[in-house]
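Next up: some structures, all given as structure tokens.
Okay, so subunit A shows up in both of these, paired with subunit B first and subunit C after.
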Partner chain A sequence: MNDMTPTREQREAALEGMGCKRKRVEDIRFTQGKGNYVDDVKLPGMLFGDFVRSPYAHAKVTKIDATEALKLPGVIAVLTAEDLKGVNLAWMPTLAGDVQMVLADGKVLYQNQEVAFVVAEDRYIADDAIQLVEVEYEELPVLVDPFKSMDADAPVLRPDLEGKTEGAHGPRKHHNHIFTWEVGDKDETARAFKDADVTIKEMISYHRTHPSPLETCQCIASMDKITGELTVWGTFQAPHVIRTVASLLSTIPEHKIHVIAPDIGGGFGNKVGAYPGYICAIVASIVTGVPIKWVEDRMENLSTTSFARDYHMTAEIAAKNDGTVTGLKVHVLADHGGFDACADPSKWPAGFFNIVTGSYDFPTAHLEVDGVYTNKAPGGVAYRCSFRVTEAAYCIERGMDILAQKLGMDPADLRIKNFVKPEQFPYQSALGWEYDSGDYHTAMHKAMDTIGYRELRAEQKAKQEAFRRGETREIMGIGVSFFTEIVGAGPSKNCDILGVAMFDSAEIRVHPTGSVISRMGTKSQGQGHETTWAQIIATEIGIPAADIMVEEGNTDTAPYGLGTYGSRSTPVAGAAIALASRKIRNKAQMIAAHMLEVSEYDLEWDVDGFQVKGNPQARKSMKEIAWAAYHAPPPGMEPGLEAVSYYDPPNMTFPFGAYFCVMDIDVDTGVAKTRRFYALDDCGTRINPMIIEGQVHGGLTEAFAIAMGQEIRYDEIGNVLGASFMDFFIPTAVETPHWETDHTVTPSPHHPIGAKGVGESPNVGGVPAFSNAVNDAFQFLGSTHIQMPHDAWRLWQAAKDLGAHG
Partner chain B sequence: MIPGVFTYHRPSSVAEAVAILANHGDEARPLSGGHSLIPMMKLRMAAPEHLVDLGGIAALKGISEDGDTITIGAMTTQHELIGSDLLSAKLPIIRETALMIADPQIRYVGTLGGNVANGDPGNDMPALMQCLDASYVLTGPDGDRQVAARAFYEAAYFTALAPEEILTSIRIPVPAAGHGYAYEKLKRKVGDYATAAAAIVLTMNGGTVGMCSVALTNVADTPLFASEAGDILTGSTLDAATVKRAVAAAEAITQPASDGRGPAEYRTKMAGVMVERALARAAERARS
Partner chain C sequence: MSDIEQIPVTMTVNGKKVQRFVEARTLLIHFLREELNLTGPHIGCETSHCGACTVEMNGMSVKSCTLFAVQANAAELTTIEGMANADGTLSALQEGFRQMHGLQCGFCTPGMITRAHRLLQENPNPTEDEIRMGISGNLCRCTGYQNIVKAIQYAAAKLNGTEFQEAAE
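Here is the complex of A and B:
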């Protein structure tokens, strides 16, 4: 009998808690096509909405005539800005403090802008009706190039802002200027440059791209005119924020709005904001009293709902001859498109771009960002990144390579020389952040040893000589990237969205039989929360993860939270989960003490229950304690076993990593082949190593796509080019390189379980690794910086310009 | 991304299909695999009122050999081309090319007839058919006629096919046993049309080129038969200077569009690179 008693290790394994490579529980339904996405939701009497969109990038709208469309059988209504004015919704506020047209109000500012909303009995009729709505446009001069946006004679894009010299983030200096954001010490930085032995300066562009989740943005709005309740199903990364915004805009009381985010097919920042489709569906449902579904198609998604990046960064670094960096100066020209609809915490017009000092100990730095309007779609979302951190990481990682080139130093050695040292943590950066923890040297050396960095450099040298001798037409590049991320927005002292502090929450209820339902304010879009959240709880309260249900996305049942983006779920909600679990464990300890008739101080925690110190036979498992909580709680104690926790993080977390990319480029075609890609990530405590690996693979694949060709392009009259998967580069398994992953563990000192968040690191660190590999390959031919994206024709062009075609 | 209204027909014979087409003129379009036509309809770049599905016509299927000619039924899918032992033995370049079209899902339904009738310069089979000197059998109300692939293409989406005609089969002269061949295609990713591609078939007598046929994909608004390049190479020993001249001749006839694949200048140069690489591989195969 006794040998049937599970060992401590067996009990621990049975929990599938933190550190376990637990299989993703949500995949059972996803891999069988049994997920429940917005478009799977079908309500009786549901109508469909679809948009008439502008063919022009900049034009006056002089007339909208829906007469013919309304004659088509099955067409119910055609909404225009005039109709929305009746409910004060022709314009909507953006997360960035700007306002945005819901439907064209007198003019359009970008191609495919929403002009009218057709409501019909089915999607087919709606699409037919769109062709019948007659819109008259008067074309206006188009502004595409952000560098021309503040020319004196640049066209006025936003007449609605005429005379407004003050924007949401300070003074505006031109009719197309949105804000200037300045951080750091200008004078001190100027001095550093004056005293420098060496300086570099380069304009580094991070082109416009798009998060392109496989499921596009969509929603169903259903207004019940009898009860006055509005239910909205939608692809929302932040359902509670959507509820609050919907209440503020519609004046429907917040408790009468039910927001439900069912399964979401990827978000990557695309599903944080509010889009005209949501507003129009809600208004149409309020008007008609029946549910309205709006589902974007791929081209609409790529061309209108939230681009990412489009940052043009002029970076300058001052250094001593030995490579020690002494100052950093960055100016960013940020192209925001027609409206400033950036999805950043409200006080951060350029997100956390001031992480741009990266992993290096810059004594002083100065940063200035100018946001401008152009005739392009609005957005500027954090595409798998924590608010402009990808742009910042790219800027500094390219900058360090360019400095190494100028100094004739190895780029890895230059980085190591300037790393923030382990003993400097918590480290105050020159641009205002306190890095929580890090051990950059250990990570870098492990990475270099694993890939055989010095040997690769020797091979590269031999190849360059062979190329010069005409023996090969291939050049080899080694990309080094050492990134520091800033995630986990964020502390209420500096982060809010429209005034709501960026805390997050967890509610955990242990049932009498010892199983659990738990709900969080976050919302998985593929990150695997149903798996990992249960693992945290399992370790904290000793109940097997398999007995813990995780539910997110229903604002009626989940505690208020700010949602999932910016790698914030683990740093913020993950902490709330641990703390709620600990409240439960504390109560369980009192119950166990009562059951065992000892003082609670005589008890110690042991994997899945409490035991009497020095007498491990006297123990109560959590299962037994749960039953007691409902059956016979200690006298005077409230029955039940549940807890809620709201967590306001004391600081951000700062994951980091060392990435290396080895690439071979055919100079005659410009085709680049990634030979090796090694990614070492340090995200602190690792909750589920397999999910981390999956996140890293996914993020690296996106980084590969972005660096090597994924782009939203415009021609000179503002036509958006390549907004379909025929052109927009989504790599398949065939193109995607093989990923080697590795890790070190430096826990966050301020997080209850020491975890930092990892989902976005690979995108942040991956792009510079690829781009540095490309740039490194061309360096010996005399190049300093080649702009992304590095698709074949551009690399061929670079080779040609450098004389490699003879 | 939703097509307009159309009527769907599914005839069971070529005569019936031709009759429907003749009846509706320009308003009707044959439907084969639908993997070029339906995307165009979803974008409303094509809005036929009548779709005549050829999928129910058994006579349009199959691959057969008759003396020096191989005949492929128009409704033969790209997947079936890949799987055919006859083609692998006699016309292996068809298999090589078909494997570079799109992805398996598309190849299961996309047909050879649709691919060559479509008139999209991005399609890979038309240049290959020009390289092989194939002819297309076109069946209309007045019976059959044959048009050489090299004479079929007029401009993007404009061909010698009349609105009431159906392309019923493709006839290909079997190249000499032991011929060399290669289809070189530069593309951005799986599922992409060519940035530039080149088809080459040649024979070698000792070290000398016996015959050489060159054609190019997606570097003009039609497929291009590069006759001058082929002529330059024929009789040569494939010495560097001759290859260079042939490549230049091939590049000279290109007129590519600038698009996401690259500017025109790049695509012209890539046509040259593809010719050079296809030639090297074809010659290698011919000798072995």
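Here is the complex of A and C:
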């Protein structure tokens, strides 16, 4: 060994493997404007499609006349439901087991619903033509309030379901009822409430909002009539699923459909589902034989392609006088809009809402969710959260605060008292989950110490007294949130989408010169997979991340996977990547043994190659082994060095965290200022701390937006309010608080590298932290619960209602 | 084809003179993206709120989704495609965004960097508050802005020849 030989540490650092803050490879193209997003793709002869949309929320469509539109030069076609019936596509199945109109078939069920699809030579002409399509409507009574959906005299929204008493998820009890989902032990829970010292009950609403990525939903469909092949470029978080759905709906064989998801400008759940725009573009391309591009504008995005939340949760908690919780009862009224297009695993009509027992050891619980129709847009996507998990976390975290208030206990102390204890893991929850791992006490104490929790409470008490004395008009709130997420859908025993099990996949090929191409079934929308997946491979097979190219999104080249949403990429595909890497390493070991003329059992792995045990001078690097794999493999061994892995996870993963928000609110203006926000996350093994921190910042900013003002609202006749960035709150750099991040590490015991997923934790934990801060501030004025969103107008109103304005 | 009148426009884009005929209603963003194939500037909202379409026109940051191409007649324009150093290496801002993890999906990034470029031209040594106000016309859905602020501070330090000091968490 001479001075030039790199040390073990140097060799490790050269890999840029797991745990390092590797700079992103994506950024080279993105910072130069050289990303390749759907709308950047141009094909020869491409036409543009755009929708005629309904101005009414509920109406019969009595006539569609496209005569004048078709006279406009440059207009190629105007498709209506009647045209789509010819190919059996006027309606499409939803992920939730319902059906949805692609184009209005006799009626419309929400404002801006798709009525006709105009195809023209450019987007300006398509827009002109939309104005020339004459549609006659006959208005019907509008149902906006989900609490009135099941009134006896409520208007019938879905005549297509008339007489259908059985839905996709069991019996329907009213013409506007979709499903009832019941979990837990009703009788045992009733007993717990009968025996309780203290109970609380509160209707906690989580308002309707929208993921609103900066790039809207868009696609290009291109049918080659000669070869019978269809290529679809699109903003797809799950490209393989889109290909399967496209094949089932179009009857084009799946191998003749090429789905390509290029760079995606944010997803946050918005780009999981299949939307009428995709279907219409595909049909129009099949009809015309030329490529058709469809690009949503922002208003269309906010008002039609998916929404999130709209859960109205009545939570009841039973407890002993000392604060020990003894039972949880939750009823949810879920507003699904005009069609149930909720993007959940197929057997889960309310997603994983049964994580609602949270981080607490409830001996018994009972949950019932009723899904109903209203005259609003369909959707129900998981906006930066696993399926309905942020609703569940908000419900229990508000509930625990309300219980603390009733008991006169500190909300942090109440939580600690009821935490699932480290020795209880794996923990069986009362609503059916097995939490894989956790150490809630350590995380909570670290967070409380760091933020100076007790001192903040003392300051708050002094401020409340000053307020009462009339010395200040500002009130102070401390928001406590301790969440447990459930991500990584999921095990095939309980998770599928339209029958396809929710596994994920990785394929890794080591080239003769020791560089690598790898492909996964996931699809980054900003998460940085091209960077982090290479880090996992680098650590596992000892090839520098810089020599590893990661590709996703092309269904022709990537192995089948279920895509990226619900923080599932790291728990599922991340595991597949580690296991595929280990297959390569195992083969490499046999090759190295042959090269060194020893038994493979005499070898040990050392950072970037194999060495003979007790004789580290005798070693072969992965680069040398890769060459040998193609040049002179051991006799009887297949040449080459590549592997594929399909990973069916044995369980979900359960990331958790402790978040604290300190807020000051001016009661005379309702303006709330976030003084501090501290987020401690435990996502198990950390692959790239820089990217984790970035994910947490982004998720917290979305949580801030949702809690403090972002909302999709409707007036009483179903006009959607807030469907532009003028009205829909997206925080700028000025409003956005400063974020403090921290972590503990409790690896997942069943994941090959112990990672749990993190992208959505900050949204799940952040919303209750903000809302609890607001509610905590108002508590001493006699308030129990103030509904979100907490914009200045509503906070001013709350202060007024509580008599704070004198 | 439509028989709408075509109007001649001439402008300098990223140092190159271009001449085209456009409809009066053609938006500048569509002209840049469709006609000149400069797909760096993006369309996020069509209402001037998000800033994904930000380009520089005659030394000002403008939202090209709410300007007509004809309004840029005779103008000097710079887009993200014209932001790299003359030798093709990343500019201080582009490098800062990468070093400080100031981007995720990359969709707002071209507009954000173009805007930050103008901000640093006008105020070479901005405070954090001035940076936050200076980029408040550009929305980002991924980063929460904190690392964008750091990226701009990194670039300012580099351009000023001072050492970048990352603020303590």
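Quick notes on this structure:
Convention: the second predicted complex is superposed on the first by the 805 of 806 C-alpha atoms of A that agree within 3 Å, B and C clash if a C-alpha of one lies under 4 Å from a C-alpha of the other, contacts with A are read in each partner's own complex, and residues count from 1 in each chain.
Here is the rule we go by: contacts are C-beta pairs under 8 Å (C-beta built on N, C-alpha and C of every residue); 3 or more make two chains touch, one makes a residue touch a chain.
None of these values were measured; they are calculated from a predicted model.
By the touch criterion defined above, A:164 lies against neither subunit B nor subunit C after alignment on the C-alpha atoms of chain A. Once the two complexes are overlaid on the shared chain, A:298 sits against subunit B and subunit C alike. Shared-chain residue A:697: touches subunit C; no touch with subunit B. Touch criterion met: A:124 reaches subunit B and subunit C at once. In the superposed pair of complexes, A:734 makes contact with subunit B and with subunit C alike.
Look at A:225: by the touch rule set out above, it reaches neither subunit B nor subunit C.
Legend: residue contacts after superposition of the two complexes on their common chain; A:726 is shown touching both subunit B and subunit C. If you count the residues of subunit A touched by subunit B and by subunit C, you find the higher number for C.
In the overlay built on the shared chain, the residue A:668 is in contact with subunit B alone; subunit C does not reach it. When the two structures are aligned on the shared chain, A:709 is found in touch with subunit B, with no touch to subunit C. Shared interface residues of subunit A (contacting subunit B in one complex, subunit C in the other): 123-124, 297-298, 726, 732, 734.
Residue ranges on subunit B touching subunit A, taken from their complex, read 1-2, 4-5, 44, 103, 186, 188-193, 195, 259-263, 266, 269-270, 273. Remark: subunit A residues 23-24, 26-35, 37, 39-40, 42, 72-74, 121, 123-125, 212-216, 263-266, 268, 295, 297-298, 525-528, 690-691, 693-695, 697-698, 700-702, 724-726, 730, 732-734, 736, 738-741 touch subunit C in the complex. Subunit A meets subunit B in the complex at residues 123-124, 127-128, 131, 297-299, 668-671, 709, 713, 721-722, 726-727, 729, 731-732, 734-735, 791-793, 796-797.
Residue ranges on subunit C touching subunit A, taken from their complex, read 1-3, 23, 25-26, 30, 33-34, 38-47, 49-50, 52, 79-81, 83-84, 90, 94-95, 97-99, 101, 103-110, 113, 131-133, 135-149, 169.
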